[in-house]
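Both complexes shown next keep chain A, but they swap its partner, so chain B is in the first and chain C is in the second.
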Partner chain A sequence: MAVFGKCIRGAALLAGVAMVWAAPAAADTIKIGASLSVTGPASFLGDPEAKTLEMYVEKLNAEGGVNGKQLELIVYDDSADANKARTFATRLVEDDEVVAVVGGSTTGTTMAMIPVFEDAGIPFISLAGAVVIIDPVKEFTFKTPHTDRMACEKIFADMQAKGIARIGMISGTGGFDKSMREQCLEVVGNYGIEIVADETYGPSDSDMTPQLTNIKNAAGLQAVVNPGFGQGPAIVTRNYKQLDIEVPLYQSHGVASKSFIDLAGDAAEGVRLPASALLVADKLPDDDPQKAVVVEYKTTYEEKTGQPVSTFGGHAYDGLMILVEAMKRAGSEDPKAIRDEIEKTSGFMGTAGVVNMSPEDHMGLDLTAFRMLEIRSGDWTLAE
Partner chain B sequence: MPELLQFCVSGLTVGAVYALVALGFTIIYNASDVVNFAQGEFVMIGGMTTVFATAAGVPLPLAVIGAILVAMVVGLLLHRLAIEPARGASPVTLIIITIGASIFLRGLAQVVFDKQFHSLPAFSGDTPIRFGGAAILPQSFWVLGGAAVIVVLLWGFFNRTLIGKAVLATAANRLAARLVGINTSFVMGLSFVMSAAIGAIAGILVTPITLTSYDVGMLLALKGFAAAMLGGMGNPLGAVVGGLAVGLLEALGAGYISSTYKDAIAFIVILVVLFALPGGLFGKASVERV
Partner chain C sequence: MGKLLSHRLAVPVVIALLVVALSFAMPSNFYYRVAALVWISALAVIGLNLLMGYAGQVSLGHAGFFGIGAYAVAVLPAQFGLHPLVAALAGAVATAAIAFLVGRPILRLKGHYLAVATLGFGILIAMTISNEAWLTGGPDGMPVERLTLFGWRVRGADTWYWISGGLLVIGAWIACNLVASPTGRALRALHDSEVAARVAGIDVARAKLTVFVISAVYASVAGSTLALVNGFVTPDKANFLHSIELVTMVVLGGMGSILGSLAGAAILVVLPQVLTGFHDYEHMILGLIMMVIMIVLRAGIVPSLAAFFQGRRNK
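The block that comes next holds the complex of A and B.
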């Protein structure tokens, strides 16, 4: 009997020790989840996003964490597969019991995860582009990147300012290109601009001179816009020069990388495009309110990873910082309280621009998020 | 009228590349009955090797020769390591092997080179030549001229040299060729090496215009195969005419009808031709071959 009693006491003691040991660990960290496309076809999105989150969570913890607690980041790799993303979303909610989620690299994975987080009441900040994520507004869903429609609006506003009213459009038939073309067609009327020629090309086409010849021959042409992604816009730009088309050529934010200038060569001279301030961080004037943020992020990212900065990693930075600010304001880790504070985000300066969220707008960016760039002597210059 | 000229120049330039890929198909098909779907990868190897060699500081002419040699070695290895061990297998099995080889080569290129698009400087400048209202890149003349030279050389090889005649004999009847003392295994290896060289030359000539990356081969193989079918599988003249025709159809379809449906237009015309002439434009009415 005595032996039995000792055993009971020993077990109770053991259990007590285990609980004491576990309890502070659970209370001292704030769990943040992420399901990103680190590998697979969208790895160019997920890879810099995951690196950015890890880098900044580490940095925040070194500085003492949030609300006196350390952050614990849980990242899953969904390789751009919507089914996997949904499974990971459930795991984040049920097993890991996270208080908030950043990411969803692609629109597909994001849309698959939204129902899980909406049901569980976990705030979810997506890093994907499409407007459907936040339109219509969903209670717990937010996003940080600008939309295709805003890129169109930025281009058309620039044209309007220059008195351009008749334009040609040449777009690819790939996913990004097609979506942006549709968005452009929807908003073009608001700027008093008429599309006089509308041509397309396939994602792996290697010669667009027939399409451009037709556009060139359209009566009263004043400019051409090319919503596109990948190598297509570089070939369009080369063919454009070959055919000696005199009117200005506008490209989209889809080609805002150094490789576009390398591929298009001399033909890129004078091409205009809307892009994130991150690309021209060191060229921004010192009084630019965004300069400090983008220069800090760019330097940190490039020092840590040794790779050139990309706008996609910037979206992850914005998402994490918006979340951290909201948690600080809420002063708690209650998901509902965090959600309410995210929605109240105002005047937040991120790499994508100023964020002012509201119950009607869960993205909160305006057109200042984009800078109009012009390519001069093989480099980006600010056109405004 | 200037548009027509512009469309034709575009179509012929792209068509010349299809023609060279189709020629590669034809040579291997004649010697071995195999439709080599890794043909597009030779084009990629030619372009990518030249790009990376010039980037490493090798002068362009040397890089070009090096790239052609690399492609020839890959062609020889493809035959020795993949096709030769499976000799006696049915042509369908061999075709599947070449599809596997093309996937392997594409994967290898991602590792050896990278996944980005690359360009080469044009051989004689980027200033377009204005002719009758059309703007023609000097590189287009390189592509068209290069294709013409290769066709003439091939014609000479097949009709004026003993080895060429041995290849033709093997194509006509493998058993009979072996009986008269032709080393048919050598002839098949030779056909892979020649096809690889032609593909690589096409890739080098066209890279300044169309850019290149590890996966350009897939689409070129498809278009080249369509061109070879249109011309009549196994007929070198048919391959050239078929390639130019597919290129022209695409350019004229995009220019005059609809750029969205240009590939469909080209393939519909090919289907119609094959309904009327199942052997292709220059093909023999053979029902036995796949």
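The block that comes next holds the complex of A and C.
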């Protein structure tokens, strides 16, 4: 029996340790929670998001906090595991008793957490892409990044303006790629564009020449779009150049990082893609209303972390600022009051664009949020 | 005392007492949830332990069965309007059928070959779930209808604590009975020496297949339960890493020990929650603790401690 005594004592000890960790903080702070994928397969999302939140909460506190109170940020690392995220969501609500939550780096973790926050009535601003998060609208759930559907629309609008009507599509089988491919297929008809070839590749494929050859051979091809993420699009871009395909190549916002240009090399020349203004912060004209915000965020982030800015960190900035402004307007830390004010956000200028929320739209971005970029001499340039 | 413990009801009774006793020490729903996750993982681990610890066969694809159970309660109610409980049952039956079909050829293999074959099977299931987005929601996962029983909507971490705790006790009880049955003796015999077992008149292939199917059903039921608790499923519960996690729980807790399965599951579910305070060092410390356990308690937590106390008493 001694063994079991030991076991139970061990369990009690563990529980005790856990309770010490969760010791309540001083009452005059406002607790904000976050469950982000800081490590694991989505760390490229979670890492800049966590850094951004920590950086700006520190900054806000140094400036006197919100409503005269200091902010207390609690960040958990769910390593993109939906089950873990759900547990942390419960922990944030039940144990840490936060008034609002920013984040959920991936669509999977976000969707797993939503029921917890909806049940508890805690406002939740997700940093994940998919449209299902806010469509249908859920009372307490918001999001800051543009959806993949908007990226498709931006690309197709650009094609339409150039008189392109017959295109090829090549996409990966990963989560981002697949979701965006479906959204593109859904809206492509609205722009009078026909998809004449639709090819896919696996996440770890190292050569897409066969698929691209099929596309190249499609009759009347006028452009190719590659909804993709990770290294796949870089390989597509290289193969595209090798096969000497003459028509324009469109990439998605999924490749909007400097490493894409490095990987694709010279082949990236002339590639067009929709992306956030953050990427071209320095190149925006001075009269651009978004310039001040993106330049400020870019400088702060790069100074503090020594790493190049990413749009994902920008989503966290937008989420935190929307929340802080809502708390200021509400003048209280009541989750319900905060929720109501988040929904009334209008004219907020974030790194992703102008946010105008409403009871029907819990994201509040429109197509102007995206800029059409073209890669010229190894750098992003504004195409519009 | 020793005699009392070796009774085949002892382990389920101990687990039942633990479930009841811990419920008095729960400060909030968060703790209920973590405990419920421990019970659910332990259920899958008990099943895998029957296969690994008693029959001596390894499976690196058990998360596949877990995934089948989880997606059964997600897909069947959404597509065909089945009640979640019926769906869970259908998932268990389907898992048993698949395990039976796959097990026949796979279990002819031994050692590394068996490991690779089960690994391949697990990856196959995970890929199917990821790729058939029209049915499973793809890599982003899909929501699971909430369970309603006689008009009562099952929700809340404390409710699930009792339900999953109850399932664990039943699972432990069945496992203990199985181990004490002729099949259990046959399994231990073939663990020690397949040739000797065959000479003793044991149908080795049949015994292996039986325990493979049973352990797959454990994983499936655990998967269904987790999906119902979470109200959402993602393919990562069916993937290779989760298979490894289950195997680690078995080895850490102790091969061939039902209570060890619970200990292994408890450590790997609770520790990450306790260690979040260490931020960047969390994974390092977790790895270190696991290494120390395996170095100090070679046979796994429960068997090693049991042997230690047994030794002291005999002195």
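Note that in this section the second predicted complex is superposed on the first by the 357 of 384 C-alpha atoms of A that agree within 3 Å, B and C clash if a C-alpha of one lies under 4 Å from a C-alpha of the other, contacts with A are read in each partner's own complex, and residues count from 1 in each chain.
Basically, a contact is a pair of C-beta atoms (placed from the backbone, for glycine too) under 8 Å apart; a residue touches a chain by one contact, two chains touch by 3 or more.
In this text the structure is predicted, and so the values were computed from the model without any measurement.
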Which superposed partner A:Gln222 touches (first chain B, second chain C, both, neither): neither
Superposed model, chain A: greater residue contact from chain B or chain C: C
Contacts of A:Thr173 with chain B and chain C, given as first, second, both or neither: both
First (chain B), second (chain C), both or neither touched by A:Ala112: second
Partner chain in contact with A:Thr87 - chain B first, chain C second, else both or neither: second
Touching partner for A:Ser332 - first (chain B), second (chain C), both, neither: neither
Where chain A meets both chain C and chain B, residue numbers: 173
Contacting residues of chain C [partner chain A, same complex]: 1, 5, 14, 18, 21-22, 25, 27-31, 33-34, 37, 130-131, 133, 138-141, 143, 155, 157, 226, 230-234, 236-237, 259, 263, 266, 270-274, 276-277, 279, 282-283, 302, 305-306, 309
Chain A residues within the chain B interface of the complex: 173, 199-202, 204, 206-207, 209-211, 213-214, 217, 230-231, 234-235, 238, 241-244, 259, 262-263, 265-267
Complex contact set, residues of chain A against chain C: 1-4, 6-8, 11-12, 14-15, 17-19, 21, 39, 76-77, 80-84, 86-87, 90-91, 93-95, 106-108, 111-112, 115, 119, 130, 132, 173-175, 178-179, 182
Complex contacts: residues of chain B adjacent to chain A: 3, 6-7, 9-11, 13-14, 116-119, 126, 128, 135, 137, 206, 209-211, 213, 216, 219, 251-252, 254-255, 259-260, 262-263
